[in-house]
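First chain A sits with chain B, and in the next complex the same chain sits with chain C.
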Partner chain A sequence: MSETCKVSVERRGDVAILWTDGYINNQGGEEIAREAYSELERGARALVMNLEKTRIVNSIGISILIEVLEKVMERKAVLAFCGLTPTIDKTFRIMGLAQYAAIYPTEDEALAAVAATA
Partner chain B sequence: MDRKAGRMPGGREGILAAEEPTRDPTGRGLMAQRGPASSEPVTAGPPEVSLTIPVAPEMEIVATAQADALGEYMDMSRDKIDEVKLALVEACINAFEHAHTEDNQVHITFRVGGPKGRCLEIEVRDRGHGFDAEGVESPTPQKTFEERRRRGWGLHIIKSLMDEVEITSGEWGTRILMRKYK
Partner chain C sequence: MDELARAFTSLRRETEKPLPARIADAALAIAGARRAAVYLRERDRWLLAFDSAEGAAPTDPPAALFEGAVHHGGLLWVALDAEGETHGCLALDGLEGDDPTEVAAALGLIFGSVLAASRLSRLVKDAEFEIKARLLELESLYDLGLSLSGQLDISALADEVLYRSISLTDARKGTLVVFGERGTTPLARSVGGDLLPPDAVWSWDLPEGEVALNNDAARVPTAGMRLKECEKCLVVAIAVPGRRLGVLAVADKESRDGRVLDFTPADARLLSLFANQAAAAIETTRLHREALEKERIERELELAAAIQRQLLPRELPRVAGVELAGSTLPTRQVGGDYFDWFPLSRGRLGFVVADVAGKGIPAALLVSTVHAAIHLQIDAADTIVDLVSRIDRHLQRFSAAHKFLTLFFGIYEPEGGVLRYVSAGHNPAFVARANRQVELLGATGVPVGLVLKASWREEIAVLGRGDLLCVYTDGFTEATNADDEEFGLARMEKALVSRLSQPVREISDALYGEVAAFAGGVPQYDDQTLLIVRREP
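Take a look at the complex of A and B:
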């Protein structure tokens, strides 16, 4: 059994899109963080995280996403989430992620929004 | 004295006198209900499933599969099942991280009950050291972001996602009892 999160990345100019697939726990969170930091190092001005293939997260995974968000804010970049299940959306709001990062229903909406700000 | 912190429907929270749950004579688990005398006819009770998982990475996902199956059996909405699963994950990893259990196991009982079988009740127990359930400081986004205190969200998330939560803890271990109505 392995629910470990897989992360794939595509770069479109200054924007990096990260797609997650699977359970975002500590390992999944660290995998996302590795890819996100790599894209920031390579000059990305905006990260869009599409979680539509993730059905479950835990608070440890979200705490790692918060670390990523802090790094993004330090670099004056932008982070947007999209494709969240209602439960993950609710949990992000409970933990305050939604106060510091934008959440959009779809990837197209997220890309349009970050293109306007990045 | 053992104490129990609970959240009741409508967000009401309370501290209740707590007792260690009744254990079966084998010491393997709780006595979920008194069985019929041998001369009585055996009738089907409400659906109940017990599961014991080892303290090991991703074992909480094994437990969520059971919640998924029972939620579908009850015809609970997908969103509510997902909320139950996330709360269950948090209850399991809370036990994994903080209980320091001697048997290295977490015991979970799922029950479908309540009027017209509308309630999914999940009990997560460990035989670890226990903790002061009412002394747990509530996390806030401000503490998380400004003071960089990122952990400690588990119980808060459980209470936010479930309809009723009772937490009982003592020297015998910890029991988190949570209910979700469809």
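Take a look at the complex of A and C:
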């Protein structure tokens, strides 16, 4: 696994999909935040983060994702996660991310859900 | 009042701006100052958080903490206090009015409370985050234990341990090395680059169970080994008592501001716990693999034993005028002894007792080869010597080097009690006469398959009425007791002669029983085979 987390983005209408590839730590979290804030600035009403190529998230990465989530909520937008490993899924639930951001098994399910709410 | 209300509304609502900027904006709006700067108190120092005059020359706040408002460096400094604690200060320039310190004191009270509430809120959030992080650690340990208990794939196991170790210590990188078994290549997993050279960690002088907490890894080698490309590291051995199974290392603990922090004793404890769980899981996996291998070998041995049982005669042949007994007792599941009967033309009876050199599966395979060779060649052979020579050629051609056997092959002719035989290096057979005299039938050639161009001769013995032939393998005569004494030829002869009046089946059982009693429970390592032919009186 790469030390550097890569983030790619695709915009589909009001929804921005972010794919992560690698370790979500300080660097990875900052990269995600930069792309997420950029999409919010460009009017995205929903962010879907697909983490299927991420195996590790540390507490710094989680705290940055919480900041992103707070920003999303301020903007009255929605955030959804998908493609989580069972370990990351449990981590998000324990750390409170799942309280305000929905978690879906697949990207299609996440997109369908946010399309209904965004 | 409208201005005041707008200022406080902005302070509350414009949350996209950092709080110090909102406080400065509100101060400018409420007090009518030209410039406002907010400093925060962090670790006994003032840190400039926002200055409305961006780019203006900074001004240092008063060195010591102060109360209320003071003039310093041409600015009015307002302490932002709440509940007896200074959370920051506000620098104002160009404040108008007769006594600006009164307004300033009021601002200090209001903004101090706002700042205190914000800091308190952040502290609560941080504490809540910390509690959740500790809960996550506990859950991870529990989950890892559960996950590893069912994990028999070492690679997946290594990934699981490494990922959780890196994640929960906030390390940037990590490496886990599991040493290979019996000369196999070590398994190494890394995130962010290899910290440990897998080939060198064998010799690493890291005592069992010890954690190397090295917060200056770049300059100081850890336990005799310098880790690659990291500033600070934490290393622990993966070990079970008396044996090192691998090494787990993480490096460069991250902070939110991008610095590399020291690993803490709590990190070291956590990594040790992960290493302990990994050690238990790796050992379990190894034991499981060994158990599977043992089970596989057991199954194969059982199959081989079943096949070998098929090679042995299932019943005694019916030959007029003789009484027969034949049996074998392997010391392992599969043995290297073999006996067989061959009813021949003119009422004759052929029989063989063979003892293959070696034990276990290789010996059993050779027995199988000999069995096939005899059955294929017996009809084509003109004489016993011809048959033995054919078996010899077959073994020389198709068997591995150094594979040989001793055998006694006899053909008994009921008419006249004539016994023709070849003994290829076999133990001397007994001929016990009805009058209890005993003769030994010695070897008439070398073992089969031992030397090239060997030759054998056929001998004849005649069994009178009531005379008995006893052919056996060395599992009888070389059976040992607790004093390492052999049963020997003399005891064998005595046991045989003392029972001559009994049916041959009982004689056979008694000989097995005497040898077992002599051994007294001492494990025997050679198969025992016994064949008896008695001409009826």
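Just so we're on the same page, the second predicted complex is superposed on the first by the 116 of 118 C-alpha atoms of A that agree within 3 Å, B and C clash if a C-alpha of one lies under 4 Å from a C-alpha of the other, contacts with A are read in each partner's own complex, and residues count from 1 in each chain.
Assume a residue touches a chain if its C-beta (ideal position, glycine included) is under 8 Å from a C-beta of that chain, and two chains touch if they have at least 3 such contacts.
None of the values given here were measured: they were computed from a predicted structure.
Undergrad: Between chain B (first) and chain C (second), which does A:Q99 come into contact with in this model arrangement: first, second, both, or neither?
TA: After superposing on A, A:Q99 lies in contact with chain B but is clear of chain C.
Undergrad: First (chain B), second (chain C), both or neither: which does A:S59 touch?
TA: both
Undergrad: Have a look and say if chain B or chain C is in touch with more residues of chain A.
TA: On the superposition, B touches more of the residues of chain A.
Undergrad: What is the contact status of A:E109 with respect to chain B (first) and chain C (second): first, second, both, or neither?
TA: Touch status of A:E109: no partner.
Undergrad: Go through the superposed model and pick first if A:E74 touches only chain B, second if only chain C, both, or neither.
TA: second
Undergrad: Go through chain A and flag every residue that touches chain B in one model and chain C in the other.
TA: Overlap of chain B and chain C footprints on chain A: residues 1, 3, 23, 25, 55-60, 63, 66, 87, 90-91, 94-96.
Undergrad: Considering only the defined contacts, which chain B positions touch chain A in the complex?
TA: Those residues of chain B that touch chain A are 57-58, 60-62, 64, 79, 82-83, 85-86, 89-90, 93, 139-142, 144-145, 148, 150-151, 153-154, 156-157, 160-161.
Undergrad: Show me the residue ranges of chain A that touch chain B in the complex, using the header's touch definition.
TA: Residue list for chain A touching chain B: 1-4, 23, 25, 27, 55-60, 62-63, 66-67, 70, 85-88, 90-91, 94-97, 99-100.
Undergrad: Report the residues of chain C in contact with chain A in the complex, numbered from low to high.
TA: Of all residues in chain C, those touching chain A are 15-16, 128-129, 132-133, 135-136, 139-140, 143, 159, 163-164, 166-168, 170-173, 191-193, 254-256, 258.
Undergrad: Over in the complex, which chain A residues touch chain C? Could you list them?
TA: The touching residues are 1, 3, 23, 25-26, 55-60, 63-64, 66, 74, 87, 90-91, 94-96.
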